[in-house]
Amino acid sequence: MQDTKAKILLNERYRQNYFMMRLEAGWEDFVPGQFVMVAVPGGKSFLRRPFGIARLTGEGILEICYKVVGKGTLDLSSVPVGTNLQVLGPIGKGFDISKGTGNISILVAGGYGIAPLLGLAEALVQEEDRSNIHLFYGAQNEEHLLYLDEFKEMGIGLHVATQDGSLGAKGLVTDELKKFLLSTINHQPSTIFACGPHGMLGAIKMIAAKNRNISSCQLSMESYMACGLGVCAGCVVKDSLGNFVRVCKEGPVFEARELSDI
Amino acid sequence: MQDTKAKILLNERYRQNYFMMRLEAGWEDFVPGQFVMVAVPGGKSFLRRPFGIARLTGEGILEICYKVVGKGTLDLSSVPVGTNLQVLGPIGKGFDISKGTGNISILVAGGYGIAPLLGLAEALVQEEDRSNIHLFYGAQNEEHLLYLDEFKEMGIGLHVATQDGSLGAKGLVTDELKKFLLSTINHQPSTIFACGPHGMLGAIKMIAAKNRNISSCQLSMESYMACGLGVCAGCVVKDSLGNFVRVCKEGPVFEARELSDI
Amino acid sequence: MKPNLKVKIGKLELKNPIMVASGTFGYGEEFHKNFYDISKLGAVVTKGISLKPRLGNKTPRVAETASGMLNSIGLQNVGLRAFITEKLPFLQRVHATTIVNILGEKIEDYVELAQTLDEEPGVHAIELNISCPNVKAGGVQFGTDPKLAAKVTSSVKKKIKKPLIVKLSPNYHDMPLMAKHVVDAGADALSIMNTITGMAIDAEKRRPVLANVFGGLSGPAIKPIALRMVCQVYMASKKQRPIVGIGGIMNITDVVEFLLAGSSAVQIGTANFINPTIAADLVDQLEQYMIDHDIADIKELTGGLIV
Amino acid sequence: MKPNLKVKIGKLELKNPIMVASGTFGYGEEFHKNFYDISKLGAVVTKGISLKPRLGNKTPRVAETASGMLNSIGLQNVGLRAFITEKLPFLQRVHATTIVNILGEKIEDYVELAQTLDEEPGVHAIELNISCPNVKAGGVQFGTDPKLAAKVTSSVKKKIKKPLIVKLSPNYHDMPLMAKHVVDAGADALSIMNTITGMAIDAEKRRPVLANVFGGLSGPAIKPIALRMVCQVYMASKKQRPIVGIGGIMNITDVVEFLLAGSSAVQIGTANFINPTIAADLVDQLEQYMIDHDIADIKELTGGLIV
């Protein structure tokens, strides 16, 4: 982990109120699922804001994808290219790919949860047979889907669901996941990697608990953060023993069965 | 007085750490010596910042000239052209030209105090014989002199003093003023209009008090301001009766003899 | 349907719960002349009035802080006589609902001020500023001694017919206790809160920024503290009196937060300096907020916090 | 010549006056591993330690406010045993000057904690966090009752040899009085101040943002209040004890302001979250400041305010 002054190379509206930002971080390595804490200029955001790492290129260029939901993300969206931002990262425990070796890899994303899964998919295709990698991706409608071309190019299995049916199946992506698990691969060992809204993660935990072939179900959690350093104990969630664990240190990725809060 | 959302048309370093800003205020009229309160973006400046009006063109374009001295003026200097700023004004009681009609007009400026005197000179040349208008202008060195070309073009008497002698006389502008008063015009009724640092204004008040030909000595005062509206009583100075008067309402321009604080 | 924004402070009914705070609105003239019809406001609370005119403190009197400001105006005001002859007629002419904030150095001062103002038809209610030193008690602030606060409240209450609001000082630590004393002594409503004592230092000059050394902190910086005090008093008080929430309100969300915490009305203070039309804007925005959120009566918001 | 940055807190000499505040630095590991050698700091004040491990409050536990934040961590910590076996050895190994912040539910807790830690060679001083409810006295905070605060101070002081710092709560209104009680009871130094109780409300959800409803306000928003309290205590105290100034320090100017107001040392709290290297940076910047301003000894700054 380091705190880097990174120049903004790109900060553009991607789709709807999702923005893409690229920063010259100069970092060498990261684990998909890790995140960064960004200091937001403009004076209205006192604390840094956490965002998942979408990608980190060989040249050390960091990519994040953020949705404008409040004052911090709104201010961020108007910071001009060329500005230096203070970026702390990579933070936390990412996805554990090793647990999925040989398994079917099932990626499940909702909303901006797609961002860390992009980095994860890029890592997985290096190690696994593409046909054994499946992305389940849910969104409000077609317009809210991000990185689709990138995933298509990878040649992995794509399962899209939109609430209005404008692309892919109509409905919840977790329903698609259920169908998929019932049919195709119900006898193959699988690993789930999921990132998205709390409700979606809860549904996935239930699905995984009922399916004996899912040896690992890794959920990327969110919570309110102050430090991102593991020192304030602000970001905790409850583990299966009833202890509070820090999302920024023991997480953000947890084994579903090790969490009790969800 | 009105509170206007005004687009920045120009925001450039003029000289040294003096900046010039032009704003599309759309205002129709002002009295030289009046000022504005500017809301500074960037989140570090909670209160608005007061700046004298340098000029207001026929098209309603407002010009101010500011020196970077702290966090607010620093933030202001990096606001890009095209941004809208909230500008309150014109505020206060400006110079009273009528008192000087027929008199020799003596303008005295130090530092950014030159800004409101530009507007004043532009008004005076409409009414008076240019040869009866004199500007005394003091600065650290040549590099700190502003608007010199504009004043030259007006064809008024120019008396410059710099501390290092890089342009004009070497020393204090108030010494030049003293010499001038002793020699040339010591029998002609004169009006002084001054804007600049507190110490300079104090010296001018003394000079005026000793010279019976100076019928009016108008000083533009500064003080810490919160509202600029005349309601907080934060900006007061003491008048000759010992009462506190508001710089933003009864001022910023006062008759020297009506002030006791200086 | 047009939502109902009316609120009651004792017997006084206000058009809406948006008032402006004492000391941040002068006597209303500047705002009325330059910006908007001040009769639109729930009430105008005047600059604090004392028996005799007060000169106030030396300058500098104001300093900026992170998301706030300090002031040590020293309660400069025109005094009771000039207020009645020079300021009140204007407020009356423009039909402003006028609450006069009063301050004294001893209980007798408060009583005399209140009694005189009680007779004035242009005055609709009286707000007691008890964040002042009591010269008779060695300079301890009325507002930091519950018994003293109760005493000044009951002394004034006995002599007036108009609603009496007591404005509490956050410089006392136990707000519910203070509130109880003051309510038992007869306050019709509580204003919570005044500024918090603070200071600013000029590191280069090695001097306090304010000539008075200490000053009162206001603005968004103190909002979390003010919200907490309103909420604590609201939750603790059995004999419920309307609370007027004050502290760092800058926008409609802040207004709603203060209402939810237990306020019946709010006062806009320092925000008037940042945006001179804010109080009038908030009256419109509050009505719109109620329409958007399907709230028929503003009272539904007061204390509506789910805890 | 190299200026002298050393300061004394009781018998303990610190390399420099820059400490980090309890609860904002964990037990030092994260900063040492990722950012800088923490032995560079005047002292590390640990997260508050209780006899038994504490789970802490429900989430959300943190909320942002204007120029500040609220926390209701609920004093989650590993407990005395785990602190001594798992955390202290690290601090000792990296030669960090370690001040342990302790908290209890009754006086006996504080005494037991302090006595145990007094025996540990890795512990250099003890900081008493008295902003905790006393379960034996119906939940009233030790820090809002001068007598109770004095009692816990003297009870601990009698049993330990290491310097005892008492950390005052701003939720009591009369700081000089509180300071006097605590100093008379034997405190070697005073930390001023802890967080101020506040709250945040989510207007849309109509709920408090914090699961615990109330939380402690920290950050630049409270700096003017903290500076005032330091200054008041410094000016009022006859039996002068070193003051450790805390509250909203973000940069070197803030540090100098706290020293001028009367602090002998300072603690950097929330700023560690905003800029993880700030405390180490400030050690260098303070030395540079002294060189630039021709200050040979840091003590020249303490209380150097011209009033």
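Here the chain labels run A, B, C and D in written order, and each chain numbers its own residues starting at 1.
Definition applied: a contact is a pair of C-beta atoms (placed from the backbone, for glycine too) under 8 Å apart; a residue touches a chain by one contact, two chains touch by 3 or more.
These numbers were taken from a predicted model, which means no experiment stands behind them.
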{"item": "Farthest chain (mean CA position) relative to subunit D", "value": "B"}
{"item": "Centre distance in Å when subunit A and subunit D are each reduced to the mean of their C-alpha atoms", "value": "37"}
{"item": "Centre-to-centre distance between subunit D and subunit B (centres being mean Cα positions), rounded to whole Å", "value": "48"}
{"item": "Subunit A-subunit B separation of Cα centroids, rounded to whole Å", "value": "57"}
{"item": "Where subunit D touches two or more other chains at once, by residue number", "value": "65-68, 219-220"}
{"item": "Subunit B, residues touching no fewer than two other chains", "value": "none"}
{"item": "Overall pattern in which the protein chains touch one another (line/ring/star/complete/other)", "value": "ring"}
{"item": "Pairwise chain contacts under the document criterion", "value": "A-B, A-D, B-C, C-D"}
{"item": "Touch list for subunit C against partner subunit B, complex", "value": "23-26, 30-31, 34-35, 47, 55-56, 59-69, 71, 73, 76, 219-220, 270, 272-277"}
{"item": "Residues of subunit D touching subunit C in the complex", "value": "65-68, 70, 144, 171-174, 196-201, 203, 205-208, 213-214, 217, 219-225, 227-228, 231, 248, 253, 256-257, 260-261, 304-307"}
{"item": "Complex contact set, residues of subunit A against subunit D", "value": "1-3, 39, 45-48, 86, 88, 223-237, 242-244"}
{"item": "Interfacial residue positions of subunit A with respect to subunit B in the complex", "value": "41-44, 80"}
